[in-house]
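So, here come the structures, one by one.
In the two complexes that follow, chain A is the common piece, with chain B as its partner first and chain C second.
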Partner chain A sequence: MALEPDEASRLAALLEDKQEELVGAWTDRVAQSLRGRLSRAELQRQTTELRKGFQSALAGGATDLTQEAAAELRAQLSDLSTGRARQGFSATETAVSLFALKEALLGVLDGGDAGNLREYVAFSEFVDAAALFTFDTYVHVRESLIADQAEQLLELSTPVVKLWDGVVAVPLVGTLDSARAQVVMERLLQTLVDTGSPYAIIDITGVPAVDTQVAQHILKTVVAARLMGADCIISGIRPQIAQTIVALGIEFGDIATKASLADALRYALNKTRTRES
Partner chain B sequence: MSDPVERIAVSTDQDVVRVRQLVRTIAVSAKLSLVDQTKLVTAASELARNTLVYGGGGTVEVTRVDNGRRQGIRIVFADQGPGIADLDLALTDGYTTGGGLGLGLSGARRLVDEFDIETAVGQGTSITVTKWCR
Partner chain C sequence: MDRVPILKIGDILLVSIQIDMEDQVALQLQEDLADRVVTTGCHGVIIDISGLDIVDSFVGRTLATIASISRVLDAETVVVGMRPAVAITLVELGLSLPGIRTALNVELGMALLARAKADERAGDSEWDEIDDEDAETAADAQP
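Showing the complex of A and B:
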């Protein structure tokens, strides 16, 4: 049951006339559901703004949340949802804040005649659509927050360590997608410069699968390191990875490969010694 | 036995990662050996990336299958991209039009037990692979 244009304008008038009562009752209910995690003053500010938003959407002739007249209201709803998502509230808690408007409205509707009831049901539907809209926004915001965090994690999870004098190592863990591979390569080359090390060990013990993309990233890193005068050793090639690499047809050419990081280190140290003597 | 089909739409790099994870999970539950799990996951990674890069995106469907004697996993990679004009060439080791190693398609074929391509220029490509439990 959608809103009729005349109902929309009557509701707009009601939202205007009873604004104080409505905002008060609405704020009470939201405050109750969030149990003090946002100050009453803050909530009051939000409900006041939203009431205005609903009123002007309805006064502008909106009978459906997707209409042009409701554009401003939608923007407000997504701001609310974005804020709540960042503050760590759940999507349900955000939606409940809107459902509370329906209860508040019920309190200010006088009498129980059939016209009122119809209007109330239609308005409820409008509010439900608004609540669902915050839900969508919420999910969107959380997704982008998670993507941001993943990016930060990416930075953190590619440590290049100086293992020994003249030997740096980078343990690769997890999925080596293009973005991460780029970070790894840059870090490794920078560390080679900073430490003046002639050897770099790329340890792939933590990589679940080596496909052509991963292999290509490793090969490029090795070539770049070589151009800088450093030799790379690949370590941590587990049996299942070795068999898969062979079946795929990837060739590591003359790049030294070792089963474990310890073997790789021993190999590098031996080389350093023969170099020095 | 009709197991549910798990379906992933592939339109970003992240989706390729999801394909790998799904195939890994199903391969573990089908009790594939560690080597076969790794082979299947790697093949899926190659074909899903081709679907994304050359097919312009598409879908990946993973099903458990049973031929009466053995259990296995079947994966279908489908796109509506440009298709592959010369299949023999595309399946040649080292052939690439995208600056890759040119080993994805031919390598994936070696990593699975059954490999089947249907492709038509201008219409798209559909690749079906199966790996059986030993």
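Showing the complex of A and C:
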């Protein structure tokens, strides 16, 4: 049951006439549902803005949230939802803030004749659509937050550090999947070019398990570095991991493997010294 | 058709590829380089591919061939300046260019060649070394 144009304009007039009362009741209800996590002044500002948004949308003849006249209202709703999502409110709390408008409106509607009822139900549907819209926005914002964080985590977890002149190291921490392996490889190779280091140490102390796939990723990185003219040393192989590697029949070929990062650094420095002399 | 210039620096031939490596260009380079190694008698070849965005399997193979030809003519070949993206692509393609020496940049490439030459000289004077070692062992044996 959608809003009729004349109903929309009548509701717009009502929202305008009873604005003080409406905003007051609405803010009360929202404040109650949020239990003091946002200040009353802040809520008052938000509800006042939203009332204005609803009023201008209805006055513009919007009978549906997707219409052109409701564009500004949609922008407001998405701002509100984005803000709430970033502040850590739940989707329900955001949606309930809008549902509260229905109750507030019921309070200011006078009498109870059939026309009013129809109007109220239709408007209620409009508010529901608005609340659902904030829900969608909320989910969208949270998803993008998660995606951002995943990306940051990826960046954080793969530093390439310079240990000595001509020796860089990548301490790998956490599970190595294809996406991370790719980032590690690109980072390492780029650092080799930037610093002109002929030795790279890949430290796998922080890798919880090495299976054939992880080994494959490491081997690819080593081969790529070798193609560019740098030697890789794999270090930080724990006893269990060494056993797994042998049990799985993974061949590291002529790639130098060391038990600890210290051993790997000593090896690299020795090689550098023999190079220079 | 474009040609890749070959520069002689001391005992080294430097080839810096700055143009797109088409198959014909690669083959021409292979011929030119073989000629130059023979006429100049250089013992080292450095091929700088830092300007190449793409190295396909043909160019990869040509580089390997050039290295083999040079070795026959007693010149070591070092491929330098491969870009990370190129290295990753070659690995994904399964081309690890065996038999080619690589270095990160021209400077390190020249150092590598100098070292290879020094090793060779050491190899020439192998007999002296063995004599030295014998002398040392003899010295150690004496209390």
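The working rule: the second predicted complex is superposed on the first by the 164 of 277 C-alpha atoms of A that agree within 3 Å, B and C clash if a C-alpha of one lies under 4 Å from a C-alpha of the other, contacts with A are read in each partner's own complex, and residues count from 1 in each chain.
Simple rule for what comes next: a residue touches a chain if its C-beta (ideal position, glycine included) is under 8 Å from a C-beta of that chain, and two chains touch if they have at least 3 such contacts.
Not measured: the values here are computed from a predicted model.
Shared-chain residue A:A71: touches no atom of chain B or chain C. In the superposition on chain A, A:A122 makes contact with neither chain B nor chain C.
In the overlay built on the shared chain, the residue A:G249 is in contact with chain B alone; chain C does not reach it.
By the document's definition of touching, of the two partners only chain C reaches A:M185; chain B does not.
Of the two partner chains, neither chain B nor chain C is touched by A:V108. By the document's definition of touching, of the two partners only chain B reaches A:A209; chain C does not.
Residue contacts after overlaying the shared chain place A:L227 against chain C, while chain B stays out of touching range. Of the two partner chains placed by the overlay, only chain C lies in contact with A:V193; chain B stays clear of it. Of the two partner chains, neither chain B nor chain C is touched by A:L261. Per the touch definition, chain A reaches chain B in the complex via residues 175, 177-179, 208-213, 215-216, 239-241, 243-244, 247-250. Here chain B touches chain A in the complex through residues 13, 16-17, 20, 24, 34-35, 37-39, 41-42, 45-46, 49, 93, 100-101, 103-104, 106-108, 110-111, going by the rule given at the top. Those residues of chain C whose C-beta lies close enough to touch chain A in the complex are 78-80, 82-84, 86-88, 90-92, 96-97, 101-105, 107-109, 111, 115.
Chain contact summary for the complex, chain A toward chain C: residues 185-186, 189-190, 192-193, 196-198, 220, 223-230, 275.
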